[in-house]
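Dropping the structures in below, format is structure tokens.
The same subunit A turns up in both complexes below, where it pairs with subunit B and then with subunit C.
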Partner chain A sequence: MRHVGRRGLVILAIAGAGVWAAWYLGLGPAELWPNKNRLGNFVEFFSAAFSPAVESQGGSGQNIALQALRGTWLTVLFALAGMSLALVVGVVLGFFASSAWWTGDPASRSWRRLRRVIGPLIFGTARLVIALLRSVHEIIWATLFLAAFGLSNANAVFALALPYGGTLAKIFSEMIDEAPRSAGHALRGAGAGGAQVFFLGLLPGALPDMASYAFYRFECALRASAVLGFFGVETLGHFIKQSFKVHYYGEVWTYLYALFALVIVADLWSGALRHRTVAA
Partner chain B sequence: MTPVDRDEAIRALRSRRPRNRFARWTGIVLLALTAFAWTRPELELGKLFRQRTKANVTRFLGEVRPYPLQEQPWDGGVFGGWLETTLGDGVGRRAVLGTLALSVAAICLAGLIALLTCLFATRNVAHPEPFLPGASPPTRWRTYAWRVVVWATRLVYIFARAIPEWIWAFLLLTLLGLGAWPAVIALAIHNTGILGRLYAEVIENLPARTPRALRALGASRTQIATVALYPAAQGRFLLYFFYRWETCVREATVLGLLGAAGLGKEILQAGAGDRHDEIVLFVLLGSALIIAGDVVSAVARSVVRRAR
Partner chain C sequence: MSHAFELKQAAVSYNGTAAVHGIDLTIATDEAVAVVGPSGAGKTTLLRLLNGTVRSTGGHIAVLGRSLREMPPRELRGVRARIGFIHQDLSLVPNLRVIQNVLSGRVGDQGFFGSLRHVFFPPRDAVHEVHRILERVGIPEKLYERTDTLSGGQRQRVAIARALYQEPEALLADEPVSSVDPARARDTVALLTDVCRERGLALCMSLHNLDLAREFFPRLIGMRSGQIRFDQPTAKLTDGDFEALYNLERDEMLKA
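And then the complex of A and B:
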């Protein structure tokens, strides 16, 4: 099999998996074939893209553009609240899940012994918590919190904060571990303690990357915040759902464009930020 | 060095440290906005401290325990029986495999479309004179026409990825009718937007020597792409493909909440019956699937990285 190569095998495996998936789900052309009903729906919905509504299509005289602005603001609000909490979770868990604080040159013998026992224990626990937080989708957290806490917008904040905190923690810990160690070694040689080495030697090297990644996650949080509108909070998703259910497609497009604009602004901003910090 | 000299030196170093006004203002604005956000009544933080919430949480935690074991001492046999009735008869297997199939079908579709369209979003291939500008000066309208192609493709990509998978799925389920297709297409649209942009960036950043030589020999765009560009980009393409597949698995676990197949559908049904024990079981199954997907993806990526 040398002439195929390892990458060739990977590609073959992907193709095989794709065929299996299509077979398992029964994805045939028949279900997609444009019948009258489907085609009509499609044309009606996508032609509304060219005439987004400014005023309510239900005739209530409500200003949809203003409503979209309000939805956008609430999308930002919940993304900010969720993300700030996620940052706290991410920094704390990320610290304990990085190997930098418990490996390396030990300061004293007794501390070394103690650390050999509790180090892996705390490290392992942090990794486990991160895996659990990350592997449950924010929408599922939202439904769980709805069942546990009852109806409250605060659910959306926590639903965002937990999986995003887990993801931040994972990436932060990797960034801390991969940051250049030379400054830390120099500090250690000059007699600095563990905390000093960590905060003065390791963290500053990893900080620009961490900030840049956190901003990227904020972009994702904006989209997630919009989606959580389907579960009670009045972010853009809430309005999209409402207008779509009563077939006011023009209104739906106004909200979709608002989300589009919000994501583009965040995307451009984060691009500019990366350009000026990481590249420099 | 006297202490005064040292302080002086430190001050001099500090004044020469790299500073970035844009990054600092971003930080200040975001910090201020966040502080303001936490004061807003829309967050409804007060509701969490009501007496009713506390009772609700206690009730919920009680109901998370498997139903036959509620207010009973732990019994492995009873627990096994409960697992059997909840997941037996292929329910658990179908939910997990359905979710997996959804993610695989979607990422394959997205990868394929991104592969076929990414060249239209690159400035070096989608150009009147690919790789050899200046060989013969192109007419102005040809230059503009290609520029329009590049920007139109990129705009479609941006729009596709700006709208979350969930919202695409919500819209398509109504427009296309029930079944697996709407969920697959929804996941594929969003990921095509992301993969297309990443793939185009990879192609743009490839070393230009080989394609330039091929162009000088008179090769067409298609020939250059199949002989030089795609083979050189293959490794990077695969890495991104697996990264995106991980998020596809994650998203696939929830799309069932809209009525499509998979774990989400089971969660929806258990939720409709207020069976919180079953909800948690299916959530944990999804969690296991996502973690397994991460492991498979990490292994595949390391294979791709090591293969030259």
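And then the complex of A and C:
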């Protein structure tokens, strides 16, 4: 009974916090409805959804459908490049941020003592780096790079890879630590050393979950890659921004549909892959 | 060298509490011994003491003719590599193929990169050898199956195959049949005792099932409260000895 009471209190507190935040920010249902000045824009934008542009609305004769394909292709490329780099960061940092490699069966007394000092040091450093990478969103990384170097293709890839690498590392390290350790213990009993226990007894068991999570993050990277277009690289966001600026909403919708299609295809593909790796 | 294991007054304590103590025990290189006794008697600790995954905190222990006390870790790895251990929970990697789990048995003899290559890109003769061992334990057709698609009894055979692929001089088995049905349990104990006899390996197995212990092992060790209560040829043991071993009323109840 007391347990239920406490849970009720927590729910009440959360609801209360939500109401307070809405009051503080002055939120109301009226805000959702566009005001008179904007109503024209609103109608114009959403009615354009039914007539996406195939050719340039500016009369330049440019093929917008082709442009959307190009934007989609570049969106995929940036996501792939960013994820490849993020995977390297994630695997390396994830290894050091897992406790599995430095806890476990004590070897010699001296190594055990050394490990007791160095283990937490490396572990702590890896955790700190991960937190730093993760706490800065890819948009902010992109803004920083834009301010510091001007945004190049390489910078855009880094902006994506740094926070994604951090997130992958955090999740990978948790998956490694949660993987069953019994096989590793058995290998240690058969004379395996620490690295062998990790790579033969522990990592293979965690790999399907890690792969599945990496696929999911790739989907997120596709969306992020599109958004990076707003900073100038030629992904879908770039074209959306350009067309939006000049109110060519038909073009905007062509690009948006391309983005929807891309995300749906990626979702189906990674769903199928995940199903195969986890359930097979 | 005629003893696989030789313990004199061996003891293990965890945080000051004795798990086993005063253990005097010798097992010959071709002997098969079963350890019986109630849960918590120290059977698992004794077995892990024998392959050096638990270090003794007192007494003397020699494995395959070499004293384990103060042995440096590199040499200890070498000794462990000579002893197969079959765990209660089998301890296989579920999403690896059967052959990969078996191939990983030989890690103790290999360097880091050598062992990775051996498991994931095995040479042809290693594949043949694994196949021969799987044939012996009765599941040759499962060579390339994913381990988690196998039944409990088949997985147990994979664990046995891994221990055999290690080319051990002695096998230790900790309650290897506690998770399978009685018919499978009998088959497995028979397989282990047969294989050890064929290959001249010492075998030391802990068993809950007294009937199997008495049927398959010529020598039984009874453990209770971390001590050896009897160590006798099976033929000389009476029902009374077993009752005394498992009877809870005598000392445990008084202590509580």
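The rule we apply is simple: the second predicted complex is superposed on the first by the 265 of 280 C-alpha atoms of A that agree within 3 Å, B and C clash if a C-alpha of one lies under 4 Å from a C-alpha of the other, contacts with A are read in each partner's own complex, and residues count from 1 in each chain.
Here is the rule we go by: contacts are C-beta pairs under 8 Å (C-beta built on N, C-alpha and C of every residue); 3 or more make two chains touch, one makes a residue touch a chain.
Just so it is clear, the structure is predicted and the values come from calculations on it, not from any experiment.
Engineer: So if we stack both complexes on subunit A, do subunit B and subunit C clash, or do they fit?
Structural biologist: They clash.
Engineer: Thinking of the overlay built on chain A, is A:128 touched by subunit B (first), by subunit C (second), by both, or by neither?
Structural biologist: After superposition on chain A, A:128 lies in contact with neither partner.
Engineer: Quick one: classify A:20 as touching subunit B (first), subunit C (second), both or neither.
Structural biologist: Touch status of A:20: first partner only.
Engineer: More residues of subunit A are touched by which chain, subunit B or subunit C?
Structural biologist: Tallying touched residues of subunit A, the top partner is B.
Engineer: So, A:6: does it touch subunit B (first), subunit C (second), both, or neither?
Structural biologist: After superposing on A, A:6 lies in contact with subunit B but is clear of subunit C.
Engineer: Could you tell me if A:190 is touching subunit B, subunit C, both of them or neither one (first, second, both, neither)?
Structural biologist: So A:190 only meets subunit C here.
Engineer: If we overlay the two complexes on their shared chain A, which of subunit B and subunit C does A:268 touch? Say first, second, both or neither.
Structural biologist: neither
Engineer: Under the contact rule defined above, give the subunit A residues that sit at the interface with subunit B and also at the interface with subunit C.
Structural biologist: Dual-contact residues (subunit A): 280.
Engineer: Provide the residue numbers of subunit A that touch subunit B in the complex, in ascending order.
Structural biologist: 5-7, 10-11, 14-15, 17-18, 20-22, 24-27, 31-32, 37-38, 41-42, 45, 74, 76-78, 80-81, 83-84, 131-132, 134-137, 139-140, 143-144, 147-154, 157, 211, 215, 223-224, 226-227, 230, 233-234, 237, 240-241, 244, 252, 256, 259-260, 263-264, 267, 269, 272-273, 276-277, 280
Engineer: Under the definition above, what is the set of subunit B residues touching subunit A in their complex?
Structural biologist: Subunit B reaches subunit A through residues 18, 20, 22-23, 26-27, 30, 33-34, 37-38, 40, 42-45, 47-48, 52-53, 56-57, 60-61, 97-98, 100-102, 104-105, 108, 111, 158-159, 161-164, 166-167, 170-171, 174-177, 179-181, 184, 234-235, 238, 241, 250-251, 253-254, 257, 261, 267, 271, 274, 276, 279-280, 283, 286-288, 290-291, 294, 300, 303-304, 306-307.
Engineer: Mind listing the subunit C positions that touch subunit A in their complex?
Structural biologist: Touching subunit A: residues 48, 51, 53, 72-73, 77-85, 87, 89-96, 100, 104-110, 112, 115-116, 119, 146, 162-163, 166 of subunit C.
Engineer: Applying the document's contact rule, which stretches of subunit A touch subunit C when the two form their complex?
Structural biologist: For this pair, the touching residues of subunit A are 105, 107-108, 111, 182-183, 185-193, 195-196, 199-201, 204-205, 207-208, 280.
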